[in-house]
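Presented sequentially are two complexes of chain A, the first with chain B as partner and the second with chain C.
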Partner chain A sequence: MQTLDLHFMWEAFFIALSGAPITLLITVVALLISIPVGFFFSLIRLNGTPILDQLCRIYISFVRGTPLIIQIFLIYNVMPILLERFLRSTHSTLSVFDVNPIWYAFVVFSLYTIAILTEVFRSALKTVQKSQLEAAHSVGLSTCAAYRRIIIPQALVTALPNLCNATTNLIKNTSLCYALSLREITLRAKVAANPGYNYIEAYIDIFLVYLLICSLVEYGFKKYEKKLKAYQCLSA
Partner chain B sequence: MLEVREIRKAFGNQEVLSGISFSIEKGDVAVILGPSGSGKTTLLRCLEFFEQADSGEVLFDDIDVDLRNVTKEQIKAIRQKTAFVFQNYNLFNNKTALENVLEGLVIGRKIPKKEAEAIAKEALDKVGLSDKYAYYPSQLSGGQQQRVGIARAIALSPEIIFFDEPTSALDPELIGEVLATMKKIAKEGTTMLVVTHEMSFAQDVANKIIFMDGGSIVEEGTPRQIFTEPKEERTRQFLKRMLPEYTYYI
Partner chain C sequence: MLKFDFVYLLEQIPKLVPYLDITFLVLILTLFFGTILGFILAAWKLGIRPILSKLAYAFTTAMRCTPSIVLLFLVYYGLPALASIFAFDLNDLSKLFFVVTAFSLSFGNVMSEIIRSSYLAVEKGQYEAAVSVGLTRFDAFRRIILPQAAVVALPNIINSILTLLKEGSLAYTIGLIDVMGKANLLIAMNYEAHALETLLALSFIYWSISIIIEKANELLEQRLSKGRTFVKTV
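And then the complex of A and B:
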């Protein structure tokens, strides 16, 4: 009977782990882009004109209603064509083939996460009563200051569990980047498994690496949530 | 000081305010009485621009606002002169009592932090909460929260404070402490416009009563006029319901 090749597993674990920077880079870039944009979209959905709201809704249902892997394939195949046209029209010396596929990953995962976070922020902002804004106005705060100092800190407390969820989902979803032949966690481990057919070991390693990363992220969010929630948990 | 002319406001086809006019002088404690749904709260909310009135005019000292086309600057200018005490307190949930009072001073009025802190503490002391500076709203009783709400308003030294049914959300045993606080600041000469169902406050503290019904002012006068010799039948009926005609002492 075959047994697990523990030696390979040990080595492949670090090979998989060496892909973590790319996974994390995609995650961080996607979050940095989609947090402000998603917040802006959620404001449009809550206070914007009906037409803009409708456009946001269509965008969100497109993103949520289609498999991520198809979005990746689409962007990966369509973007180079568009990019090439653009480059040709600007007489650039750059070639489409020089573009690192990680840029496509940034685009896909940002577009995807914007849609998710728009809904996360929208529901969180809705939990803060409108009267908090009125109270802020009554003491002379501008709407902008009221959002910054009163409404967002309260909404963030409700948004955090969903934000954590979205972040861990994003981290896990970056495993689909193997389709872009990006050398992130999944692809590296799989490639390492190829010569000896040690796929089970490799998959277990991948499993463990994602588990490790996501657990750390969850822990961080829990800590932050506890800190933000301080004003609710106290009782007289 | 504050003059209101022909304010009109409708929600859909339902007219809530059908041409309200009155004026308030400096130092006045005016109480608006009236049955539920008579438009009292909507009137206050229109004056603080939480609701946009359909038409009318507000004259506040030298600011003249046509409610048909209000500018952001006018709203800001009027809010700088007013403060609002809410029925449901509406304290900032993520801020302590002291921070609640500080917020308007430091961010709204741009007063330096140190100076603002002294003003805020003085305001909280005045409402009897000198031991609750660091408490969050969730740690305070309803009456205490409303007193922080009052401190938040008086700290700004506004020209006028609007009170929107400040005791309606409170347990009966907590109403007293809030009314006493309001009475205290009224005695200090604060100009107040109060919507309330507390007849005792209207009788003892106010110098002007405005009786509203069905979106218009039915009659106004001093408490003495309104409570002892109301001219209008609607006022009489309302008071009869609110004030027990006979009191039995057993």
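And then the complex of A and C:
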């Protein structure tokens, strides 16, 4: 008969919570990089730019067709080799081993999110009719202004639920950073559980922390969605 | 300087492919149990009992916020402990059991949402019409609602099967030897010497399976949309 060690659980909850800033940092950096790049890629896909379109397609298919954990291992194996070559060519005194693993996490999750967001933006931009752009042109707006003021606000309405999904998935997926030995939520709680074998308590804590973070993010998106509903095209 | 060995990469593929059977076994068992769970949860959500529907929605919220790796470990450590309270011993069970249980929970949750939304996509008039011509409630569901809802649900189901296939690779973390687990063993056996080639071989295997499933999805969608007649209801 085994009971939960509530005292440990209480303490480990805050240990797990102290990993949240790293999780959020990775999420925010990945989103900041991949929103503009993903938007650019989705325009390439929609315009069918020769060569670039095919490259984008292969890239997206690979990222979406292989498990994220394999992508993490791949980057973890490839990056140091490339980095070492780069450092040697610049005669830097830095060693590859000094690089904080968080940089690898930034690279992996940005590459991953770019592929996801490209598809999100592509399907969202498709829902806006072409006549909207033509109408904007006819009243004298430049293409850039038309996108900023007419197309994007409308596309964002349909993109937002998917964007929310992508963000929560990203937050959940950062738990795989243990493979990079990055001390975020999961690894911190796991390490705390090691001495007493209190794994059940630790994993319940991790579960609670993710529940808290994801619920907050979803709540925020729902609020924003309500605000954006004003732009929705009613005669779709 | 490490050198990339393309021949080594090709040699790894036949070593890994035989372990696909475990990967697919996990996939098929999870599909089976997850679908059953999905139907139960969807019935609760759509049902008239408020407690059950609240419970099902709470389960969905919790599942949506749990990383699969955390769920996997929670089941792996938590289930034997939970069972020991009721004097069951689950410690000798195969790791396959825990992997399938964990993924069935998350897949069942996804399925319940797909079933719910596709059920709602079929108009209520269809059911009423079926009952009015004398079909029993079960027959109306089986012969009228289900075939129409299945067409709506299919692309989503295949998408979540793909996700399941990819997340299934995490089973190696509790020591199940599927393709991913085998690749890890191969890398460890060579003292990380040819890690990159092995990982690339592994990713090509996953990539080709995904491409096959996606192509099948496209063909299926074309087939199904061909026979569909859209009835205007204004």
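By definition in this document, the second predicted complex is superposed on the first by the 229 of 236 C-alpha atoms of A that agree within 3 Å, B and C clash if a C-alpha of one lies under 4 Å from a C-alpha of the other, contacts with A are read in each partner's own complex, and residues count from 1 in each chain.
Definition applied: a residue touches a chain if its C-beta (ideal position, glycine included) is under 8 Å from a C-beta of that chain, and two chains touch if they have at least 3 such contacts.
Just so it is clear, the model here is predicted, and its values are computed rather than measured.
Touch criterion met: A:138 reaches chain B, while chain C stays clear of it. The partner that reaches more residues of chain A, of the two candidates chain B and chain C, is C.
Contact with chain B, but none with chain C, is seen for A:153 once the two complexes are overlaid on the shared chain. When both complexes are overlaid on chain A, the residue A:97 reaches neither chain B nor chain C. Of the two partner chains placed by superposition, only chain C is touched by A:207; chain B is not.
In the superposition on chain A, contact is made by A:176 with chain C only, not with chain B. In the superposed model, A:67 makes contact with chain C only, not with chain B.
If you check the complex, the residues on chain C that touch chain A are 2, 61-62, 64-71, 73-74, 77-78, 81, 84-85, 162, 166-167, 169-170, 180, 195-196, 199-200, 202-203, 206-207, 209-211, 214. Of all residues in chain B, those touching chain A in their complex are 48-50, 76, 79-80, 82-84, 86, 88, 90-96, 103-104, 107-109, 135-136, 138-141, 152, 156.
Within the complex formed with chain B, the chain A residues making contact are 129, 131-132, 134-142, 145, 149-150, 153-154, 231-232, 234-236. Only residues 1-2, 61-62, 64-71, 73-74, 77-78, 81, 168, 172-173, 175-176, 178, 186, 199-200, 203-204, 206-207, 210-211, 213-215 of chain A touch chain C when the two sit together in their complex.
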